[in-house]
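Same chain, two partners: chain A is paired with chain B first, then with chain C.
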Partner chain A sequence: MAVISKKICMVGDFGVGKTSLIRRFVERQFSDRYLSTVGVKISRKMLELQDAQQQSQEMKLMIWDIEGQTKFKAIAPSYLQGANGVLVVGDVTRQETLEHLEEQIHKFTEINPQGAVAVAFNKADLLDSEEMAYLQTHFQLSHPALVGTFSTSAKTGKNVDPIFEQLAYQIWHH
Partner chain B sequence: MPISSQNSVPRPDLSQAEVQSNPTPSSPQGLDSLEGLVDLLDDLNIVEESPPPSPPPQENAANPSPPRRPLPPPPPPKKPGQTTSSKSSKGAERPSKPPPPPKTTIPPQGSAPRSESPETGEKLRELLLDLLDADATTVSQEVADKLHHLEAELHNPQRLAQVLEPMFLMLLQHKIRQSPQAVGEMLGQIMDVAIAQGTKQDKIAMSRALAEALTLALSQQTGNAPQEVGQALGPAMGRAISEQVRLEKDAMVDALYPVIGHTISKYMGETVTRINQQVESAFSLQGIYRKLKSQWQGVSEAELILQESLPFTVQAVFLIHKNSGLVMAEVQQSGNSALEGDMLAGMLTAMRSFASECTIQPENTSELTEIDYENFQIVMEVAGYCYIAAVTQGDPPTRFYDQLEDTLSAITLNYNDDRVIQDYQGDPSTLPPAIEELLRELLEHPVTVPQKRPHFPTGLFVLGGVVSLLILLPVGMVWHRQQVAHRQEEEVLAALEQTPELAVYDFQAEVQGGKLELTGKVPNAQLKEQAAEIAQETHPTLEFNNQLLAVQVPPNRGAILAEMERLQQVFNEMTGVEITANYEPRENRVIVEGKVMAQPLARQIAQGFEQIPGVQSVLFTLNNQEFPTEARIYFDTNSADIAAQERENKILPLVEFLQENPQVGLQVIGHTDRSGEEEYNENLAVRRAQAVQRAIEQEGISRDRLQGEGMTQSPPTIPAESPFWLSRVVRFEVIQGTDE
Partner chain C sequence: MVMQFSQIFIPNSLEYLVVNEQLTVVKKSAKIQQFTDDQENLKTGDNASLFFPELVGIDGIVQDIISGKREQFELKGVTRTLGNKKTIYFDLSFERIDPQHLLILFTDVTQEMELGQSLVQRANEVELLLSHLSKSENYIKQILTSMGDALLVTTPSGTIKTINQTTQQLFKYSEAELLEQFIGKIIQDQEFLFSLYSPNIDLSQYQQGFQNIELSCHTKNGESLIIEFSYSLIQIANSRQPVFVYLGRDITQKKAAEAEMNKALAKEKELNELKSRFISMTSHEFRNPLSSISMSVELLENFANQWTPEKRDKHLKRIKHCTEHMTNLLEDVLVIGRAEAGKLEFNPVKLDLSYFCRELVEEVQLIAGDKYHIKLQFLNELQPINLDDKLLRHILTNLLSNAIKYSPEQGEIDLKVSQEGELVQFTVQDHGIGIPVEDQERLFECFHRSKNVGEISGTGLGLSIVKRAVDLHQGEIKVSSEVGVGTCFEVLLPINNGMGNG
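Presenting the complex of A and B:
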């Protein structure tokens, strides 16, 4: 079966760790150094998906790492066009970034009504499990396109592969 | 104590060998006891077996033979004899201990005799005890000394070195010969240390020692494992080159010149060939177009040529989904390292989005169509849901854009069934394969600047045509003018030639710019004027420039005579002329004799001869009386009657002349003298003329040839004071040209 290509976007405020998540997922690396993404950086990752019926599918994920949003700079809608899924990322140590998640999901589904959405509560390694649990309940998100909410850590690699794979699977079986 | 300790050492070393071997051969005890022993041995029939005890020590000693050989000399055989009894007290302690070793060795030997005879055995034991006792006592002291000496030597490295030195080399050589492998292994263990140490101690010496081998080793290894050498040297190469460049740039330049020069020349050669082709086409339409283009664009022609020389090629073509930036189809040139289509497509799409986000006003949509890099460009053609991106090298010709547009139109119009393009979901199998074919067409057959190989230089021809027209038109006009001028010149010269007086001279006529210039030489101003008049009359429209020279030609008798002859001939052909001309060189005078029918003719003749260069004057001695036309019919006073003798002598010859020269007409002019009335005289003159007319007519001459006229004056040649009768006359003037 032919490889299918899909575009997914990383959306979130600046500095929440979008680039780090991609770096962990694609290059298996992590760095503390903060480098601000300008415009868009595109990465590619091949995935081998398998469903319950043992059907497999190779998927080429084109991951658009879109520069972080600030209150002065909203996300450019044209970057989101044609995306099959989005990974909305918040920083658990900065509550305001989590507050923006809903709006960012909305913005994405407005442009791509069929798109799948996954939410990453990133930098989970910096909080203990209790605090994490509190945050997850406090920022309960509900959206028909939502695949799931994951507490992730690019530093430890926690939930990084699962969140991308879940999103990819959802896109495949959409 | 050292003795016992040494004895207990299981491996026999040098000192032990010395200890054991020396006493045995030299055993200096009493000869009696030895003989007794031999006898005993004979009796025991163990003579054959007896040698074994002595060989073993020899064999033992043979193994460490090299060190042993030099040692025997120090204890010469005489020593035992000297000190036999001196050490008996010390030797007394030993008998108890030494026996066991002999005992242990003896049993196998003694076992046989013991079984044969216990007496003999007993004897033998005693004898041996004797022997050993004596041996011990005599040798022990010497041995102790010797050992002491040896120990001292062993602990003195200088002495030891001295002792070992001569052997060491030999030993090593021997060992190397025997088993080089083992020596190699042994030395190999410390070789690195040795080299390191050597280097540490004297780096320069070590370098010198290794230098020669190093280059050879390197070349050997380069042959054996070029890959490894390459890997080893590679990283340092760049730095080495930089360092060398820093140290001695010129040497580096010289060294690399042949390589780089060749490479560059190869590349440039190809480029120059292409440039040459462009230059060759300089006069083709394309070349002219390029010249014009360089003028319009303000770009140098060389740059345009270079642009055209770097051939246009398409490296890859991608069909990209406009929204998602996913590659829908791609084709790439084989042989090139493949471009990362996905990444390129994504980035292009992002750039397009970025550009449209940042720079484009919402009301006017605009598309990014080209990205230019130094040596390649990405050309894009955008449709509604997808766009083509072509990675190209060289300057894309304008027609390539059209081709892109056509291809994209073909794709969107023909292959967007069920909105497969619009709703592309990243699965290339949903797209018809024909799309890739279309893209491949772009890749493999991009329109290029049409390169007709044998350039037909159309432009050259057109340009040449224009140029030749520009040249030929004025040339033609000039030529035409020259032709006209030439014709006019010919006409002028012909006219001059037809004039007898001038025919003899050389004239050059030149017509230029509406001006006629006449050059040449004539002997006098009169001829100059005459020639000018004739020339002007021939072409009155031309401005005339008379450049004739009137020169006084020195008389040339031959020429004068020839010309005179010629003129004479010319004049004699005229009606009524019969002359002979003679030249009188003394006075440069021509004397003309003969008959000339009419006076004007005579004047003409005179002028003709006068114009001969060198002729000063012309003298006429004409006998015109003989000419009937010169005759004059005289009349009486108031009479118009022709006397009979006048008719007979004058009119009849005249009629005869007229009959001979039918072309000649006559003016019959009647004259009167000055006496009488004017009116009467007029009438009389006419009547006289008519009378002569009638007389001629009566002789058969047509009246048409005669014109009558009356004049009251005297004839022109008759002066006023002349007698009257000379004026009562009728005379004739020849009218030429009435011959038709």
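Presenting the complex of A and C:
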């Protein structure tokens, strides 16, 4: 069975935890220190996918950690080209980062109309469950390409594997 | 295979790959290995995307460039962490060589990117910090503005530094009118202000805070408020002086309701007391005459036949005297009852005062017998005046009979009458037992009797009736008395009450 390689991108404002999510997913580690990403860094991760029919597939995910969007700098479209999926990340403690999610999804799907989209409400460990529930009902996103919205924490690992796996599965079965 | 592109000159200083449409490496520069993502050696014929993960997914772009549909493509700032943990950055640029081949140029930009990184890092950190600061400030501001309690922060000397919306609404001042002002602008309680804001006070005692202190305050327009404050001294930072933080709640209405309630309770208590005093008075005052009557009646029933007419007469007189006494008691009770119910009327008539007084003194003297002497004096000439004769009768008979009752036998009682301008003055002076000071203020309460009355019977209603009769005249009554020396009542009545000068 041949391994397939797929490209996914991490998109979101700076500091929302994109690098941390990848680090948690790939290296199983987390650091509280903030080291801002410049340019782009690609990490690889092998996934074993299995569907309801017991068919399985090995997938090599190329995860593009892209320099976060700031007030002064938009995301370079060249990084997004050829991606099969995107993980759009917001920081639940910074309202403005959540307000950008929709526009960021739009930007990605404009370049990759076939791409799959997952949304991470990251740093969920910093809010109590009541506040998280409130957030999720008040930032309801809807987009045809949206696979799912997850409240994640790179710090505790909550929903980190599921969100990447869900996205990979969607890409495989697209 | 002939390589047409080999004629193309590529400077030595550049690192590059030449690939075909399938990204198979056709040619490579000498040190291209340093940019690969793998330890394995890259050889011609290998698929470039196995060594350069950046190439995964961009097959479409590669084809577009080779076929001339697209000019070129660039990926800037690709990061590579090397085996020795060293990070390098490089740019990739894709250019068409010929209809089958693509040139990928690698440019090391590590120095520029590292510089950029430290700038971006700093900018982002500041931005994050600002975002969190403004958020927490907003958060607290919103809570403070929206809370229903008044918030005030002052310096240790009482200068107002912070207030919230509720404070402004409660005290009707704008923020500008309160900030930098002394807190005494709204808190009125001088004792409180003095205790808290005097110089050289030991502040540490306020650190644990005080709960629910009721303080009288006033608003900008002078309205009085009662505010329940909790306050404490808070040290925000070591380098800054501590502040007093007050939280206040308006309890003015609650207090008014409480006072209203207390008044109603007091009234009810008074009525109850009155009732029990009435019962004890009547049971006491009626028992003696009633038992006298029943005793005389019984004796008459059994012995009348054998008795002399004089003896029978004596008992009949006693019965008559006792019934008269009880009638008087009842009369007093009725009068005071009418007064309490507000049904005692004031009907002034034109009165020849000297005649009226002489008649009345004669009547009282008759009842008192020759053991007492009432001396009536007119201190000046009296004009005909307007007074309620019935009420005046109540006033004078009660004062005179009291004077007699509480005087020793052979006592002399003075009634002096004088008229001055619009007022007539009656003075009743005795040399009797006197009224203790502590009883003087309760003298006019129904059923109240002084402690020193001893065996002398009485209803405790006489002076209440006097007082009410004086009040109906809008007059005044004063008492001066000394125990064992005597008592003097002074009554002042306006003389043309309700009648003009007619």
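Side notes on the structure shown:
By our rule, the second predicted complex is superposed on the first by the 174 of 174 C-alpha atoms of A that agree within 3 Å, B and C clash if a C-alpha of one lies under 4 Å from a C-alpha of the other, contacts with A are read in each partner's own complex, and residues count from 1 in each chain.
Going forward, a contact is a pair of C-beta atoms (placed from the backbone, for glycine too) under 8 Å apart; a residue touches a chain by one contact, two chains touch by 3 or more.
On a predicted model such as this, the values are computed, not experimentally measured, just so you know.
In the superposition on chain A, A:Thr156 contacts neither chain B nor chain C.
Of the two partner chains placed around the shared chain by superposition, neither chain B nor chain C is touched by A:Gln55. In the superposition on chain A, A:Glu96 makes contact with chain C only, not with chain B. Ranked by how many residues of chain A each touches, chain B and chain C are led by C. When the two complexes are overlaid on their common chain A, residue A:Ser31 makes contact with neither chain B nor chain C. Contacts of A:Ala2 after superposition: chain B is touched, whereas chain C is not reached. Contacts of A:Gln81 after superposition: both chain B and chain C are touched.
Once the two complexes are laid over each other on the shared chain, residue contacts for A:Gly39 go to chain B and to chain C alike. Residues 5-7, 39-40, 42, 44, 62, 76, 78-79, 81-84 of chain A touch chain B in one complex and chain C in the other. The residues of chain B lying in touch with chain A in their complex are 321-327, 340, 342-343, 346-347, 350, 353-354, 356-357, 425-429. Per the touch definition, chain C reaches chain A in the complex via residues 37, 49, 53-54, 56-61, 73-79, 81, 89, 113, 116-117, 120-121, 123-125, 127-128, 131-132, 135.
Contact residues of chain A toward chain B in the complex are 2, 4-7, 39-40, 42, 44, 60, 62, 64, 76, 78-79, 81-84. Taken in their complex, chain A has these residues touching chain C: 5-7, 14-15, 34-42, 44, 62, 67-68, 70-72, 76, 78-79, 81-84, 93-96.
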